[in-house]
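Order as written gives the chain letters A, B, C and D; numbering starts at 1 within each chain.
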Amino acid sequence: MSGRSTFADIVQTLFERRGSKGSVLQSRSIEEMCHALLDVEGEVSGIALAEAVLDRYAGMDPDEKLRFFQFLNTDLEIDPAALRAAVSGFQNGQSIEDYRRIGRLAEPRRQELLRRLNQPTGATQALVNMRADLIRAKARDTDLARTEQDFQHLLRSWFNRGFLVLRQINWDTPASILEKIVAYEAVHAIQDWDDLRRRLYPQDRRCFAFFHPSMPDEPLIFVEVALTLGVPDSIQHVLSEHRDQREAEETKVAVFYSISNCQEGLAGVSFGSMLIKQVVAELSRELPQLETFVTLSPIPRLAEWTRSVNGEDPSDDRSVREAASDYLLTAKDAKGRPFDPVARFHLGNGAQVYAVHAEADLSENGVSQSFGAMVNYQYDLSKIEQNHERFVQDQEVSLAPQFKNSQGMATNRKRILA
Amino acid sequence: MSGRSTFADIVQTLFERRGSKGSVLQSRSIEEMCHALLDVEGEVSGIALAEAVLDRYAGMDPDEKLRFFQFLNTDLEIDPAALRAAVSGFQNGQSIEDYRRIGRLAEPRRQELLRRLNQPTGATQALVNMRADLIRAKARDTDLARTEQDFQHLLRSWFNRGFLVLRQINWDTPASILEKIVAYEAVHAIQDWDDLRRRLYPQDRRCFAFFHPSMPDEPLIFVEVALTLGVPDSIQHVLSEHRDQREAEETKVAVFYSISNCQEGLAGVSFGSMLIKQVVAELSRELPQLETFVTLSPIPRLAEWTRSVNGEDPSDDRSVREAASDYLLTAKDAKGRPFDPVARFHLGNGAQVYAVHAEADLSENGVSQSFGAMVNYQYDLSKIEQNHERFVQDQEVSLAPQFKNSQGMATNRKRILA
Amino acid sequence: MSGRSTFADIVQTLFERRGSKGSVLQSRSIEEMCHALLDVEGEVSGIALAEAVLDRYAGMDPDEKLRFFQFLNTDLEIDPAALRAAVSGFQNGQSIEDYRRIGRLAEPRRQELLRRLNQPTGATQALVNMRADLIRAKARDTDLARTEQDFQHLLRSWFNRGFLVLRQINWDTPASILEKIVAYEAVHAIQDWDDLRRRLYPQDRRCFAFFHPSMPDEPLIFVEVALTLGVPDSIQHVLSEHRDQREAEETKVAVFYSISNCQEGLAGVSFGSMLIKQVVAELSRELPQLETFVTLSPIPRLAEWTRSVNGEDPSDDRSVREAASDYLLTAKDAKGRPFDPVARFHLGNGAQVYAVHAEADLSENGVSQSFGAMVNYQYDLSKIEQNHERFVQDQEVSLAPQFKNSQGMATNRKRILA
Amino acid sequence: MSGRSTFADIVQTLFERRGSKGSVLQSRSIEEMCHALLDVEGEVSGIALAEAVLDRYAGMDPDEKLRFFQFLNTDLEIDPAALRAAVSGFQNGQSIEDYRRIGRLAEPRRQELLRRLNQPTGATQALVNMRADLIRAKARDTDLARTEQDFQHLLRSWFNRGFLVLRQINWDTPASILEKIVAYEAVHAIQDWDDLRRRLYPQDRRCFAFFHPSMPDEPLIFVEVALTLGVPDSIQHVLSEHRDQREAEETKVAVFYSISNCQEGLAGVSFGSMLIKQVVAELSRELPQLETFVTLSPIPRLAEWTRSVNGEDPSDDRSVREAASDYLLTAKDAKGRPFDPVARFHLGNGAQVYAVHAEADLSENGVSQSFGAMVNYQYDLSKIEQNHERFVQDQEVSLAPQFKNSQGMATNRKRILA
């Protein structure tokens, strides 16, 4: 009744018991075990070896981990001379042997090592966590960027969209997963289980997450959704204990009010755009009366930018809204992209600016980072591709018609400023 | 109650309905769609595009498929000049930019295309099937070996051991999967459902298969196991309708009497060794009284070899056994490996020759390929690694002690012949 | 991975091992064990005792079972004198004690015994099978009708509609359940697994069954459904290997062409009416375009009745149809109900006669029992209750409008005959 | 992805939509609908009618419910005169007709009504809740004891051991069930989710509950277990935040420190004894090294009894222990059973007194009801039956050998007192 049968454990136990493998493993360095895993030995006792490496790693302190990453970075590096020779060979003859040689030589052996480490139960999670360590270690030794690049390449392939599973998170979800939702919520902190229940239990609240089959208990990313009658202009109102609940069937708007990545080690393996689009699809199917899909998003760097440009804070709600509109439409980074990271994400996904609101997030953080302003980005499936293309090619910020109408003044002002 | 919600379908439908995507897609060539998927467009409407490409492909005839593969092979090839430049750059400065450039340039764009195709539900299976087509197409255009190599590289990464799931196949398994077991059995054909029931239902029969989470209804490889009192010397006896059944708890020997790969498109992505080892571990856990794990294996090229060496067939059981022993111990291919492919597989896994039997497979096929002889290979976990190493390094065929004792004569004879 | 943990087994094992219960049980008669189960002992070691009784029973031959039933019938009978006293007491004082006494005394102790036997895993199935034995034994000793009545009473309560689970049977159903469908099909025998696949796999074929949570692997009753464009007039056509398949979404008619009870021991605990109505509801929900729900039913006693009435067989299709119409509308049993058992079932459920067909079942059985005629009964939810009421109160056979129109002559003729 | 298909709802909807049943139902009294359900109408539209009755009931206030119960109690009562006639008939002829008549007449029609109400999804829970209302109503009208008796009789049959399912409750259990555990814990209140986590998550803590298949989200009864090295003498220690956790495999004692019934409406349908025995069996199987199974139980009426007997409170730990021993061994109710209800439960199950402890429950409640004393009852499977029999037949309180040794003085004192 209790546990799962973990074959990896069994195999290892058997090897250790029958073959006295364990004690031998104890006496070898992690580097030796990695080499063994890449050599002949790895083909037979791969799982036991991989588990031994991962166990050894798990017990290391940050300095030891740094050295281990340096070993990966240096000892298991590509051989550029050999690679160049193979490329030259291929240029001459286009032979399949040379082609294979390029493939083999252009990929450092640490990539094959990672694939062989990914055998025991739980290894995928362990490697994701290892990358989180590596990102930290890279701050101490920027050379590790190469190894970090290899991790990212492999994880992108393993966490390919076709392997992800969308699951609804609700009040029937195991507590062991729910406590991770509490821990990972990065936008509007969940105070306690009562707060969590308010976000999951009511008929007009939803939550969806992506999972990977090899990490069934670990959400990768999740989004919280409020189903409402109108487009909301305040996060406190959305999260309020005292709000009126609605029947899901009578709501008109789906509001994505919080989206959080869960795995530091999957930084750069982006799921957010795909998650939002699938949730739009799923909700459209279940509740065909829904008309509008918007976010209620923070504007994290509004105050910073406004002060640097204007030298002073806006004085009333109207000027807060104007400041926010200006910022979203005109503030750019060095590459010409929106200065605001959240805007970059949603506009890059093909969303369009729908409305800005003052007094929308009166939390300490909300007031300090954006004078309390928030913004709705709209996901209009009929325009999403065209918005995306304009954004990528012309760096143009798309606006919903509603926003254009309501912002006559702000838009004029933008022209003058520009 | 009925079906699964396939988000991919929904997303596509939505895109098509709302964005009139579908009709536009119809008018474009598969090559154009592939380029779109690799470009900006793929980032937004990736699933719909990927599905359109896979649908288009599914409707092609072999000639069209050949041309599609040639497009992948040529248009999405690496650029060796650019790659060589990047390697030179890296040799000079070891910069991370050059390193990334190598990674990007050494990998042909068709690999990224395959990753992006792998988004809709069912895409993984479609790509596995595409590789099966490609293997056939390669016979017509050997140049396609490069593209074929890329498929194999990617599938090896996706079908990494850590992502496979071991499931027992028994009489409670859905009929839709069982009919695939019937279809895929490649060693001893399953006659009908009664025959299948005899192999799955009795307490002293087992079957295990590997599955991949993205292809939950498709076995990748499976092994059939008989639990017996002694090591069997005849496959007809193992499969007999009239044999006595045993309580699983009283058996002493687990016999792997048939192992079949199911997916042509996964050729070269080897699961067999791992499957056998996990099944040994699983059975050891469930039935700790089991003492011996052996195969009952065909000797497919015995007759061919014997005739070429001796010029005549062995005349009695004893000479059949001697011929089989000689063949297994001495017949080698050009690379010095065992001439027999089944021997190569099991000995390469670290198994050892346990016994040879005459009159062991009296089917037409058994008699014609091996004079009716079969062989038991033993998986002794305490020796498996050492066997494997000797095999790989010294091309030595390991023998179980039982075999050594019983084969005094044959072994002497081998010395004389050698 | 392997089996279910059966607590009953464990508890018994523990009792036996620790308390040496087992050996003691061996030496007692089944009657002694039954008395013990009803007494003090049953409160503590109920499961072990119940299992011992059921095991002992399972090993009995028919004569021993007969004696066991006679023991239940005689030794565990009600005490009418005591019951009459309790009833008199209650008539005087209406006291709760007398009321409880009535409840206790009016119920023979064998009912409590059955409830206590129903503790170990698998006991419910064992008791259902016991009733099947009892029905047979009753033919040898009609006195057993009393005990049989008690079984039926209890099983009706346990197999109450609220406890049944409707499950779709399809090609993803475990083979262990499918082979029971093959075995239990009582109307149109399933030839082999290919025939079964033709009935379950195509999109225009469905099968539904009721299950009880305590017998999860045993269907109680199942119905096979064909989705068609028009109302079918031939069972051979419905079952044909060579018929054209339809998309479920384009069909207009759901045809219940076979309904089979699976458990002899649940005779008289009727599920059929409820199953048909739930399947109508389920199909209406999934395929809202369906317009008509009909059966394609045998007319089992048509030939028998026609010969007894007319003295000769009908000579052509038209006279077969007339004979069938006459039979369905006018042939009654002694209680005034339809003479035909299938008609009794469907008309009693509120269905109405829709059409009769000659040359509809050309199997040997079909020709011999009904000259090859079959009938469609229609389940029209808007009329079902009113049909049922007329049938129960006025013994009136309801006719669909289509039938009335098509049968002008036959109906006239009925008036003359009546 | 979202909900369950509730056939009951569908059927009703269909009936209402197609047959305009709904509006008709609205206009009838609950009594009329009950009669209809018992009559002809119930056979066809049973689910819709049953659902209408349960819906109507759910909307009633306590006075209306009282009147509804009085209707059940009076209008659907047995007819004693008719029953007496049937009994007399049976006494004369033993005919099966008379026997059936007795069965029918001795059972009031409200029992059949309850069976027919139990058809829609959720009905079983609704009827359990109805009985909880009825128990309250009985306090206002003691005559309702008859109807209450019928509910209990039926629920005992439906919640028969063979239909219950044991499930482990742990940190992977859905939050919707866990919040019920928090709500239903009746012995040592669960403060919050952190407290709950401390009771469920650690490897040396377990929780098991019985469920019924028709109420899959509602625990019926649950027991919390601590796995420890020694027999604990303090509940605060067991529940402490700061205790040391153990590996389950190294523990020796399983402590049942809290057992709570969850359903008021199932009062008198006892599951406790069976739950404890199954959990003993389950834990023995999983952790064969466990040697001792004890409770850590409150002594709820110790203070009350001691004060009435001694007139004063015990002054030190030793006298508290003596008082507790005396109380457990000698305090009896009017029927000669232990005065203490918890003692009655465990001793009645065949447990034996193992040890008493002072300063074992220092909560306000613990101190006020029992001077802080608690008791361990031991479940020794080898003695459980014999203990039970002595308890039932001779009202003898069984003592574990440990207790006898440690309590020399107390036991002597008992002899003197007796």
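In this text, a residue touches a chain if its C-beta (ideal position, glycine included) is under 8 Å from a C-beta of that chain, and two chains touch if they have at least 3 such contacts.
As the structure is a computational prediction, the values presented were derived from the model and not from experiment.
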| item | value |
| --- | --- |
| Each chain counted as touching chain C and chain D at once | none |
| Third chains touching both chain B and chain A | none |
| Most distant chain from chain A by Cα centroid | C |
| Centre-to-centre distance between chain D and chain A (centres being mean Cα positions), rounded to whole Å | 48 |
| Inter-centroid spacing, chain C versus chain A (mean Cα positions, whole Å) | 56 |
| Multi-partner residues of chain D (each touching 2 or more other chains) | 1, 5, 166, 282 |
| Pairs of chains in contact (touch as defined earlier), listed by label | A-B, A-D, B-C, C-D |
| Complex interface listing, chain A residues touching chain D | 1-2, 166, 168, 171-176, 178-179, 192-193, 197, 200, 282, 286 |
| Residue numbers on chain A that touch chain B, as the complex places them | 5, 7, 10-11, 14-15, 18-19, 21, 40-41, 43-47, 78, 80-81, 83-84, 87-88, 90-91, 94, 96, 99-100, 102-103, 106-107, 115, 118-121, 123-124, 142-143, 145-146, 149-150, 153-154, 156-158, 160-163, 165-166, 213-214, 273-274, 277-278, 280-282, 284-285, 349-350, 381-382, 384-385, 388-389, 392-393 |
